[in-house]
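A quick write-up on the structure given underneath.
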Amino acid sequence: MTYSTLPNVKISIQAQDFNLQDEVDLLEQDNAIDGAVVTFTGRVRNKNEGLKVSGLTLEHYPGMTEKSLEKIIKQAQQRWQIGRISVIHRIGQLMIGEQIVFVGVTSMHRQDAFAAAEFIMDYLKVQAPFWKKEVTEQGEKWLDAKQSDNQQAQQWDK
Amino acid sequence: MTYSTLPNVKISIQAQDFNLQDEVDLLEQDNAIDGAVVTFTGRVRNKNEGLKVSGLTLEHYPGMTEKSLEKIIKQAQQRWQIGRISVIHRIGQLMIGEQIVFVGVTSMHRQDAFAAAEFIMDYLKVQAPFWKKEVTEQGEKWLDAKQSDNQQAQQWDK
Amino acid sequence: MTENIMIKIVFFAALREQLDCSELQIAASEVKTISDIKAKLANKNEHWQQVFNNGALLSAINHDMVANDANVKSGDEVAFFPPVTGG
Amino acid sequence: MTENIMIKIVFFAALREQLDCSELQIAASEVKTISDIKAKLANKNEHWQQVFNNGALLSAINHDMVANDANVKSGDEVAFFPPVTGG
């Protein structure tokens, strides 16, 4: 699902995988003024809290997910001079090594693209309503939120 | 040309284009512990210092280029907990919108991946022996180095 | 009266599983704030009380994250869920 | 003597074009530092003098960036070039 009422913004919550080159080409299509593109991609790791993980299921809150991402993106647009922004988050069942999340930001200035991409990821981690349930060697287990993620997001207030 | 004596490091100076998804897949291949990948891609812009640009030629200093990138990467490895690193820089003739440079960094921690990727780009900009000659509406013109790039690199010393 | 006199309550992730419930309705006349709703839900039985004792639970009204003292009104969609873990 | 008694000098980018020269050799016995080499090259003629008056020029010995007081020896590859503009 692609959903965004903001110009130059793509937000997609989807089950299917995405291709980084296609997403970056889309960010740069007819956009010859932004020479810098920074991307973040998150993948399913094989370990968490010492337990072997074989995959995970991603649940979200439809409607609120998109709204929360738009809010985060608007804040980034106010703080930095950035061009286009793309946020893709997959839902459903994912195996080890699969791509989970993509954040892409273009800018005329690489510093702005780096800062905005990191900011969006930091806030997505603590404000966007997604939940991971891991399939571990000890059965299914909802992931615990990390305190370090809250601290990371709060650093942007300084 | 792929050249690197460092483990988990790919350095490539090449005329041909690269594919972001392929490069990130390579960074994450048999690498299930690093859940975070940050990439920077630089593209040819259509304007510079007020002049319309139609393309550019990239010259480099073979041998020193690879050595300087290895030095920069080693510094990044000492400062942050990062997994794999890939730096690709194209040479020769490039048109508007074409990809010039790629920096990709994997890590267990997204903060480290973001910082290391930005650090590598900042140092590449001032230490790696590449030179751009732009084709502008007023003819060919060697690009002037930007003082802001020096300042940006120096910020990491603080 | 033609207006919606109910508030829709939705639960997600571990919370939904603990309660074995994804959605319910309560009368808007009975509650003024998120805290009121939490107290009312905790009152259902001992199990729900235990679950709603979790101070880490997050709340949203109409897709916006809110604090416990936020006001609710008829027609609102109120959500409760554990701290988020996406990305 | 079997050792190389020359130093190889290479020029890049705008500097190479200004000098219309990409490479030359000088006798190692005549110079001790990067500054010596610069002075020697500037002495060739007025045009080279003008070009080497540019304080922004960078220098490398055997692929490592160096300052003006760095020592050179026979067999070294010394490079001069403008500030870099890659990325």
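Just so it is clear, A, B, C and D label the chains in written order, and each chain counts residues from 1 on its own.
Note that in this section a residue touches a chain if its C-beta (ideal position, glycine included) is under 8 Å from a C-beta of that chain, and two chains touch if they have at least 3 such contacts.
This structure is a prediction, so every number in the text was calculated from the model and none was measured.
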Joint neighbours of chain D and chain A, given as chain labels: B
Ordered by label, the neighbours common to chain A and chain C are none
Chain B and chain D: spacing of chain centres that average the CA atoms, whole Å: 26
Return the distance between the CA-based centres of chain A and chain B, expressed in whole Å. 23
Centre-to-centre distance between chain D and chain C (centres being mean Cα positions), rounded to whole Å: 74
Between chain B and chain C, the Cα-mean centres are separated in Å by 49
Find every residue in chain B that makes contact with two or more other chains and list them. 42, 121
Quick one: which residues in chain D touch 2 or more of the other chains? none
Okay, what are all the chain pairs that touch? A-B, A-C, B-D
Could you pull out which chain A residues touch chain B in their complex? 19-22, 24, 28, 32-47, 96-97, 108, 110-111, 113-114, 117-118, 121, 152
Per the touch rule above, chain C residues touching chain A in the complex are 10, 12-14, 17, 56, 60, 63-65, 79, 81-87
Considering only the defined contacts, which chain B positions touch chain D in the complex? 42, 58-61, 63-64, 67-68, 89, 100-101, 121, 124-133, 142-145
